[in-house]
Amino acid sequence: MTEMKRIGVLTSGGDAPGMNAAIRAVTRCAIYKGLEVIGIRRGFEGLLEGDVIPLTSRSVGGIIHRGGTVLRTARSERFKKPEGQVEALDRLRELDLDGLILIGGEGTFKGAWALHQRGIPVVGIPCTIDNDIEGTDMTIGFDTAVNTALDAVRKLRDTASSHDRLFIIEVMGRRCGFLAAQVALASGAEYVLLPEMPFDLDHLCKKLHYARRQGKTHSLIIVAEGVMGAQDLAAKLKDTAGYEARVTVLGHIQRGGSPTAFDATLASRMGAHAVKALLEGESGIMIGSLCGQMVTHPLPVAWEEKKPLSDEVLSLMEMLSI
Amino acid sequence: MTEMKRIGVLTSGGDAPGMNAAIRAVTRCAIYKGLEVIGIRRGFEGLLEGDVIPLTSRSVGGIIHRGGTVLRTARSERFKKPEGQVEALDRLRELDLDGLILIGGEGTFKGAWALHQRGIPVVGIPCTIDNDIEGTDMTIGFDTAVNTALDAVRKLRDTASSHDRLFIIEVMGRRCGFLAAQVALASGAEYVLLPEMPFDLDHLCKKLHYARRQGKTHSLIIVAEGVMGAQDLAAKLKDTAGYEARVTVLGHIQRGGSPTAFDATLASRMGAHAVKALLEGESGIMIGSLCGQMVTHPLPVAWEEKKPLSDEVLSLMEMLSI
Amino acid sequence: MTEMKRIGVLTSGGDAPGMNAAIRAVTRCAIYKGLEVIGIRRGFEGLLEGDVIPLTSRSVGGIIHRGGTVLRTARSERFKKPEGQVEALDRLRELDLDGLILIGGEGTFKGAWALHQRGIPVVGIPCTIDNDIEGTDMTIGFDTAVNTALDAVRKLRDTASSHDRLFIIEVMGRRCGFLAAQVALASGAEYVLLPEMPFDLDHLCKKLHYARRQGKTHSLIIVAEGVMGAQDLAAKLKDTAGYEARVTVLGHIQRGGSPTAFDATLASRMGAHAVKALLEGESGIMIGSLCGQMVTHPLPVAWEEKKPLSDEVLSLMEMLSI
Amino acid sequence: MTEMKRIGVLTSGGDAPGMNAAIRAVTRCAIYKGLEVIGIRRGFEGLLEGDVIPLTSRSVGGIIHRGGTVLRTARSERFKKPEGQVEALDRLRELDLDGLILIGGEGTFKGAWALHQRGIPVVGIPCTIDNDIEGTDMTIGFDTAVNTALDAVRKLRDTASSHDRLFIIEVMGRRCGFLAAQVALASGAEYVLLPEMPFDLDHLCKKLHYARRQGKTHSLIIVAEGVMGAQDLAAKLKDTAGYEARVTVLGHIQRGGSPTAFDATLASRMGAHAVKALLEGESGIMIGSLCGQMVTHPLPVAWEEKKPLSDEVLSLMEMLSI
């Protein structure tokens, strides 16, 4: 193991609130420990193009509270192929980088793993609003996205209750229901549809029917994008039972905004831990937060294991929506 | 003119932030002046059904900051027909109401006018997020909706700039561009499409093309719902010039939330002025705010004249998006 | 153990965001399980006065997102004395309550313990913005308070950086530094003073002096109320080293506002778990959340053990403020 | 009149939300019209030191929504003296500036007037949270500050109503009551003390006493800093009538944060109009917004005339707080 002198940091995949807080933490902790830090722009694509800037304590000042990523992000088809990865290695050597910290989700981690297998010291920081990474209780960005969606649902509740209406709200989360489940619970939504549970239209219609008879004049249904689109659900409800529902697709606003205190803190802690791990000679690993402690796992944990959604939430919703 | 002793208040049409602040102001000012106040629920439909509650100073306590309307709102097909209006008159007499204050937009005002013509003293308070009512510089709810949309656009800007992407954001406003124009100006959006200006796809594509060449890596297009849907615009941009755009339809979140200081204040002032006008024997009128002063106009002003959008905004956007 | 049929719920001590979400969860879960629920107003004082209202699924509808507590809260000198506690027992018997759920902090829990020792089945739910309760990773209200304070600090940063100024911001937390530490970390504040670490004025002045020489034109100092008042600190800095600092005391705004998603969720889970525990015959316990799991402990855990603040945060701040 | 080729822009005095939006508008409109733009940092002090940066369309990109001022601001004792002003003239000539746009409040405008009298073409843009500038209905920053204060008061209301308490909240506004009056009206505060009305402690105590007897369990008093400090008022209430009040001084958070839609729009319009006026050969003027129209006045209007506070607001509060 050669001594670490100069490391790179990049963000890749979909952006998430807290990416900048992580970039700042990586940069300042590395500088504090005597390293030089290079920011690679636009993820793996920028790496292939050698699109870089030096990062200093001052240049990451004031970014902790900004949404998005100052390093930008992009998808790279080239990097997915072996030739692209070999090229990336050349770039990393030209840039004289002794290690790389990669901030993103599953796709980012798979790219990091490819570089690790080709001999580059890499550490991954889990940052995605979907929270669909095993090995960490929470990913950076999830808490902010939940609160952004919650704020929107509260506004929709105003209209729903004023008009005695049924609303269907589609939230993000890819193939997982973490975002939908927490938004539903925190907003007091009446129903939630998650990829982790079988979709049963008859059951939903029965519950809607029962609630109407009990005098519930309005209802909110939260549907995870991994189940189906909100428009499709509205069409099914209309065809099957004649319900007229208003539809809102929250969309990309869930990715933006200043990070919450939780996400800014988690990003700071994970950024610092990533630098520490790299300096201690670790590679091919991701940072996780388990029971409030910083931990590391081999990167494949992120995608080889499926993070389970707690049953407790589902039974809670049943009781709380009466 | 008989002495006023007891008045009713209702909200009708689409809900808007500040409706509750207006209900509170009407109620407290009327009570202050010695009147009794009856709340009619669910607009004209509730009037026909006699669905009412007495309002007191205490019962409207704490509602000033709440979104939606505690009196709820509804559409009424029955009331649109002469028989329905006659029936409404009977209900008003049974309820022993000497006057009625109606909070809402154009449709509400047309209903109010029908009651006025049948001899009921009525005053309308303009409350709609669309700001499409002539006779008042601002309608209650507009300022809040603009700020809600602005907040969403700022979040989308985070993602757009991180991914170097083109975003199309559809905002409300019915057939008018007030909401879209102010959101565009306040957010620094690069382009805006308004019902008040001809739609020119070629011109838009040329501007996008020019901006790309100048090095603008991302752009936001705000489109008013009165022009076309955001999805349709995205399809046209793709077909004509190959642009890939992300689409967000802000939807009903624009109607919800606590009113801004401006809207809570405007609602308070208009509510007070409506009670004053009714007590002074006026009827068939709407309240307006012109140059900061409370004024009244005959109700038909609201729909017979088209409120113009200032040219200044359009030329400003041209300069500011360079 | 007699069968549970009817339980009471009260909030006591300082209010915290999420109290209403907890009341809602207790009420709906209890009703779901066949119990009747009585709300006791104004804490122990209201208990002594028999100031109660029945709670139903509908009456707790829409309160999940509201700050404060619909049951109100108060301090009670009477209840602290044995005679008061005996009187409270009489009231509980007259009200025919088989158990009591108490939502609040340390003082509330001590009162609950007194009732438990006199034979009343009680369960405590930890709800305070200070997070100073051992036995749970997080208390309800803490996450919201941190985010409220963070939002304020971000606004102060705007002014501090525009004017090249030193700001001192005093945050709550009683004798603990949890709130101050997380606000400092999440806001990127340059310095933090916590009750858990010795106060060293010389060291602080040296760091301020060093930062100035490095070109830092503005700085934020977060001081926990448990250390000293912000005004006192400003006076000391001026006397010792001539620094002119602006002072802001965040004060009671930290207690208000809608709960964050985290707090609304935690309150829902804890409320449900409290009902479950009471039905299973437990008493004299508090609910906790450890590593994401609902747990129970004897009430005295809350005050007999001191919850430690992680060292990691302190060393992190050292690195991140360079 | 020589042809304008190159202008300067500076911010001075207390910072206010929307300063950056104004800098952006000045810069882009000037560039659009073929001018070069120089940013002068730290107000008149930076002018004397020649602390400048060139501004481009790109360099002001993304600042429209940021609080504070990227050009920073400062107080300058030197500039207040004739020698300092002569020196400033030399600097302006060295910098080859044909005109200057100054963004700030009364003090800024007085400095601008001094330069105008020495032959420098100047235009002032009114930007202060106090709204205490005659000649414009609204100053940039006022609307944001009102909404920030309103948000804080809403949070305090949660606690006040939960604890049945009396709260005194001190807001900014210098010698004027605009901020206090609008916050009070929009928040539904029970009492407001403004510099524009005589302070009558007996009357206030009588109203508090009456409200208590009517069953009002909590009350909010908004006091403008121009009347007295909140702590002083609390002491007086205690000494005179035994009332225990909690005190909150909102302080500098009222200056920070992203501008509201109104302020971002007003700043954009005023910035554009200032460039237009300078190009048309005007000098020694300020921009105003009257009845929604951009206007200009000689600078002394700002301080020679006192902007009156509407009586309507005061009588409204009387009725609305019953």
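Order of writing sets the chain letters: A, B, C and D. Residues in each chain are counted from 1.
What we mean here is this: a residue touches a chain if its C-beta (ideal position, glycine included) is under 8 Å from a C-beta of that chain, and two chains touch if they have at least 3 such contacts.
Keep in mind the model is a prediction, meaning the values are calculated, not measured.
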- prompt: Computing the C-alpha centre of each chain, which chain sits at the greatest distance from chain C?
  reply: B
Task: List the centre-to-centre spacing of chain B and chain D in whole Å, with centres computed as mean CA coordinates.
output: 29
Field: Whole-Å gap separating chain B and chain C, where each centre is the average of the chain's CA atoms
entry: 39
Query: Between chain A and chain B, what is the gap in Å from one C-alpha centre to the other?
result: 36
Residue numbers of chain A (touch at least two other chains): 154, 157, 161
Task: Could you list each pair of chains that touch one another?
output: A-B, A-C, B-D, C-D
Statement: Residue set of chain B touching chain D in the complex reads 24-25, 28-29, 31-32, 57-58, 62, 64-65, 137, 143, 146-147, 150, 154, 157, 161, 182-183, 185-188, 215, 258-262, 264-265, 268-269, 272, 290-292, 294, 310, 312, 316, 318-320, 322
Complex contacts: residues of chain A adjacent to chain B: 11, 15, 17, 19, 42, 66-69, 72-74, 148, 152, 154-159, 161-164, 167, 246-249, 251-253, 255-257
